[in-house]
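In what follows, chain A forms one complex with chain B and a second complex with chain C.
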Partner chain A sequence: MRFIIRRLLQSLIVVFGVSIIAFGMLFMTGDPTEILLGNGADHMTVAQIQDFRVKMGFDRPWYVQYASFVGKAVQGDFGYSFVRHEPAYEVIMDKMPATIQLASVAFVLSLLVSIPLGVLSAMRPHKPIDRIATVLALIGQSIPSFWLGILLILLFGVQLKWLPISGSGSWQHIIMPAITLAAFPIARNMRLTRSSMLDFMQRDFVRTARAKGISETRVVYAHVLRNSLLPLVTSIGLEAGFLLGGSVITETIFGWPGVGREIVSAIGSKDFNVVQAGVIMLALIFAGVNLIIDLAYSWIDPRIRYDT
Partner chain B sequence: MTSLDQSPENGVAPTSEGPAAPPQQVVEHSKKSQLLSRLFRSKAATISLIILLLVLVAAVAAPWLAPNDPSAIKLIQRLKPPLYVNGAGTHWLGTDSLGRDVLSRIIYGARVSLTVGVSAVAISGTIGLLVGLLSGYFGGLVDDVFMRICDIQLSFPTIMLALTIMAVLGSGLDKLILVLGLTGWVQYGRIVRSQVISIKNDEFVLAARATGERQWQMLFQQILPNIWSPVIVIGSFTIATNIVAEASLSFLGVGVPPNVPSWGTMLADGRQYIGVADWLTIPAGIAISLTVLAINILGDWLRDYLDPRLKNIL
Partner chain C sequence: MGRKSVIQANSPSNADTGKGQVSDTPSLDRGQIRPEPALAQKLLEVRDLKTKFYTVDGVVNALNGISYSVDKGECLAIVGESGSGKTVGVLSILRLIQSPPGRIVGGSIFFKGIDLLTLDDRALREIRGGAIAVIFQDPMTSLNPVMRISAQITENIMAHERLTHVQARAKAVDLLAMVGIPTPAKRLNDYPHQFSGGMRQRVMIAMALSCSPQLIIADEPTTALDVTVQAQIVELVKKLQAELGTAVIWISHDLGVVARLADRVAVMYAGHIVETAPVDELYARPAHPYTIGLLNSLPRLDARTKTKLQAIGGLPPNLLGDLRGCPFAPRCRFATNRCREENPTLAEVAPGHAVACWHDELTRAQA
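So, the complex of A and B:
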């Protein structure tokens, strides 16, 4: 119980920090009016600029503005999108299902590929299959996602014409974005599964299981793999952040209509209310996923609860 | 420096000890030659080192190596295919949509990548090292505050945080370095903190404390020399991460200004001509991937050389 309360408090602090960052982004250069008006301020009189400042509430002390920002944000009010002329929150929430869909497919794909590859690698260390998988993992961790996306478009979209190169609407549309987004987690989880399994294979309980004459398959799957997957659960929490952050680039490359592409587009048009709403909503989802995973982890592995 | 300072933190057996030990210079020389001979025994690490040296040479000697001015716009020369496509022309890797020489831009792009990669690591490494040292050594409130800052920063995907800040500050090489430096220190801080906690009660630290050394002496003369290995290893990996981050942010239009030749901006420009001029994207993509792959392979090697136990945490 103490662990749960402590973890909930941590999440609250994180949410507070995220709100500070999202609120503070407009104050980074000193004057938020200047940021929002941009070059448009060159064509305005001083009085007009001052009117805008008062209208937006930027003439008030920063802590009053922050309190007002938080008060509205908890009600889902992030102001209006200057470009779309609708509430920024709605702009983001309209795009959220597409982002969650892409991240979920990439997540499942990463687990389906990485765990079997990691197991295969660990069962035959330093053999050809292990070397190939290790090299692929190293490449997967090194190749930038936008470059992988472009390569996939060139090969499967432009040359072979097997898959649509952008947009959404059919299952074919999600294949290339999901592979692009999953490439890094596949590589990382594969390496993690491999090293974790190799580590557990040396443990006494595995040696005992083997000495008792249990079949190798049972030793690997029932004893080694089950224990080796524990570190992967922690990694999954971080993966949520990677998938949500990575969606910014992947969605932009493939024209996937999600939150990431909306944020990039809003940055281009200086529609900062949408940027704030998008960043906060993604960070909240990330914090929520991490909280659930930590609680689940403490349930799976009780040592966590006692160590904290 | 006492002999305790030189406890074998790197897992490499000392070459000699005792009164018959050779002078310091000879020991250093033998360490270097041992490092190089171990490095050259690994084919992958050797090839990676060669690739990185080539990138470094390209970055340093760009004005002499580049066949053309990377920013010279010649619209009449736009989208000329490279020599490997039609075997004719004067541009080895072709020209882009504004008639600029792709090879020259690739060579100059190495400058941007390495500058951002190394400079941002210097900033994040320094901050992370200091914060991790203080947090791990003093614990208590300092540690609590540090851990909460870590939680907050980790709840924000780094690329998203950097993108948000760059969106407000506007593009620019200096801003990019600063943003990547300020958003990347948490990883160092956490590892340094855990290393400090693991050794701060070791006998050599307690012995130094008993001799009346001051706090800063304990931190910088006793503890710091024994936690360099993970810092160096993270540093090498983070250079690669920063290069990808620079290219990603430039690709999204908020990294370096569009007129600065960077591998990321080249890919962003090339994406618009993906079906008609793949030479705008392929060389830049290969340059980034090879550089990052080489750094990662060398980082892996360095980790195994300095301290194989780090495999479990890095």
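So, the complex of A and C:
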């Protein structure tokens, strides 16, 4: 229980840090008043501009502004989108289900492919299946996702016409973006599983297990694999963040209506409230997922559970 | 392989599933289980066992044809320094040698008349953890860190006996009580890291005893433990052996432990057994210069103060490649040209006492 509370506090610190960065973004790009007014400032008097500054609260010291920003943000109030004229929070949360859906499918896909492939490779090192898997992993890790996405669209969308090339709505729509997004994690986790398995195969307790006369299958799954998952879980935790936040490119290629794409277009139109809302909501989810991963870690490795 | 990793450190491949650890030596009769009537009284009979490690640096001759036997209920101690082949010798019995690089290239291992080297994987698994159990050297690393003790013991039981999970757990509690673990029913749900080193070794012993083995192989089970805990473990094994009538092969480089525990001793050097004798005979009348050196290098309580501890000069030979002559010759003060040319075989010098030395009478007279 103490472990959970400690991890929870650590997550809060992460979110706090992100909130400072998100808040600071507005100031790092210059005087927020000028940015927001843009060309409109040319037709305004100095007094009008000053009025606007006071109205927006930009004349107050930065820490007062930050406090007010946080105070509103915890209530889900990130201000209005200047472009859409609706609350920034709602703009983001409208897109959140699509992002989570894509990330989840890619996440599950990556685990379902990478772990069995890694186990197979480790069971037959330097044999054909291992070599093929290694080459695939190399390709998966080195192909940029925008290029893989375009290739998939060309093959399955344009040539074969099996899958829709853009948008969302049916289960067919999610296949190509999910594969594009999962390619890198599949490759990395497969290699990690393989090397971790090979490492643990050499351990003394595996020899003990063999000396008991249990089947080789049980040796591999009950003894080697469970221990091999430990280093993998760390990687999976980072991957959750990568899938949520790093899906910007994939969402753009496939016209997937998610948060990443929304943030990119908000940056383009200097719609800072939406950017702030998006960054902070993604950070919250990222921190939440990492908390779950940490708890999973302690479930897999009893030493962590009891030592803390 | 714990402390024995010296031999295998040059493994060309760290990738091994541990399957098929026996070579395809054509001289061995495969697929047949034939009892050997002449050997019926011996529990275990190892004949001319040869194990090699095929490393990137070349072939390491870890076992160069060792032969020994163990009777029912007997405790045989195998002593020798690190790298002499003690562990490889006993792990070869259950084909637990990491393979590759290790390979058993010759010899036979008869257990109750059945050659273990001819068994298929399934038949071998029935013996492993069943009739022959192993206690490993380092209890800190020999238990699975993420599995409860209960699961680690019951999986051994259920691999060999038709018991339900509940029955197997009940048996595990009894076993833990037998090896002296307090509140066994409670400790059963603990993980290895919640036990001290001595307690973990007790768990290992409980695991080894779980299917009433006829032979226990104990590979330096006390080396990683404190001296006081060592004594407890030795007493425990002695007591259990007397109660259960189990035969034990006890590997050690600690001659003090061996004196307390063993019925018979085999001394190994560079992959050979150089001397074997009943324990009292060996300590009273050692015949091989190496054995004499080992016994002389023990610190003695009755020695005069300020006497220097004696050591055997030189280093054990490199087992890479073929050796000519007696492996101990370079370090032996009795060595002659014959020793450097021809390797002596074990020859009996007294009932039950055999030694592999050309000059054992000379060495004994001088010792």
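Operating definition for what follows: the second predicted complex is superposed on the first by the 288 of 308 C-alpha atoms of A that agree within 3 Å, B and C clash if a C-alpha of one lies under 4 Å from a C-alpha of the other, contacts with A are read in each partner's own complex, and residues count from 1 in each chain.
Following the convention adopted for this analysis, a residue touches a chain if its C-beta (ideal position, glycine included) is under 8 Å from a C-beta of that chain, and two chains touch if they have at least 3 such contacts.
Because the structure is predicted, anything quoted here is derived from the model rather than measured.
*Asks:* Go through the superposed model and pick first if A:A211 touches only chain B, second if only chain C, both, or neither.
*Replies:* Touch status of A:A211: second partner only.
*Asks:* So, A:I132: does it touch chain B (first), chain C (second), both, or neither?
*Replies:* neither
*Asks:* On the A-aligned overlay, A:V108 touches which partner chain: chain B = first, chain C = second, or both, or neither?
*Replies:* neither
*Asks:* Who contacts more of chain A, chain B or chain C?
*Replies:* Comparing touch counts on chain A for chain B and chain C gives B.
*Asks:* Have a look at where A:M44 lands relative to chain B and chain C in the superposition and call it first, second, both or neither.
*Replies:* The answer is neither, since A:M44 touches no partner chain.
*Asks:* Have a look at where A:L155 lands relative to chain B and chain C in the superposition and call it first, second, both or neither.
*Replies:* neither
*Asks:* For A:A222, select first, second, both or neither according to whether it touches chain B, chain C, the two together, or no partner.
*Replies:* Touch partner of A:A222: chain C, not chain B.
*Asks:* Regarding the shared-chain residue A:I4, is it in contact with chain B (first), chain C (second), both, or neither?
*Replies:* neither
*Asks:* Please work out whether A:V54 is in contact with chain B alone, chain C alone, both, or neither, and reply first, second, both or neither.
*Replies:* Touch status of A:V54: no partner.
*Asks:* If I apply the document's touch criterion, which positions on chain A are contacted by chain B in one structure and by chain C in the other?
*Replies:* Common interface on chain A, chain B vs chain C: 199.
*Asks:* Contact residues on chain A for chain B in the complex?
*Replies:* 10, 13-14, 16-18, 21-22, 25-26, 28-29, 35, 138-139, 141-147, 150-151, 153-154, 158, 165, 195, 199, 238, 241-242, 244-246, 248-249, 252-253, 263-264, 267-268, 272, 275, 279, 282-283, 286-287, 290
*Asks:* Could you list, by residue number, the parts of chain C that touch chain A in their complex?
*Replies:* Going through chain C, the ones touching chain A are 1-2, 13-19, 94, 96, 98, 121, 125-130, 133-134, 136, 138, 141-147, 151, 155-156, 159-160, 191, 193-194, 204, 207.
*Asks:* Taking the complex as given, what residues does chain B use to touch chain A?
*Replies:* 148-149, 151-161, 163-165, 167-169, 240, 244, 247-248, 251-254, 267, 270-271, 274-275, 278, 281-282, 285, 288-289, 292-293, 296-297, 300, 311-312
*Asks:* Inside the complex, what are the residues of chain A that reach chain C?
*Replies:* Going through chain A, the ones touching chain C are 122-126, 198-199, 201-216, 218-220, 222-223, 226-227, 230, 300-303, 306.
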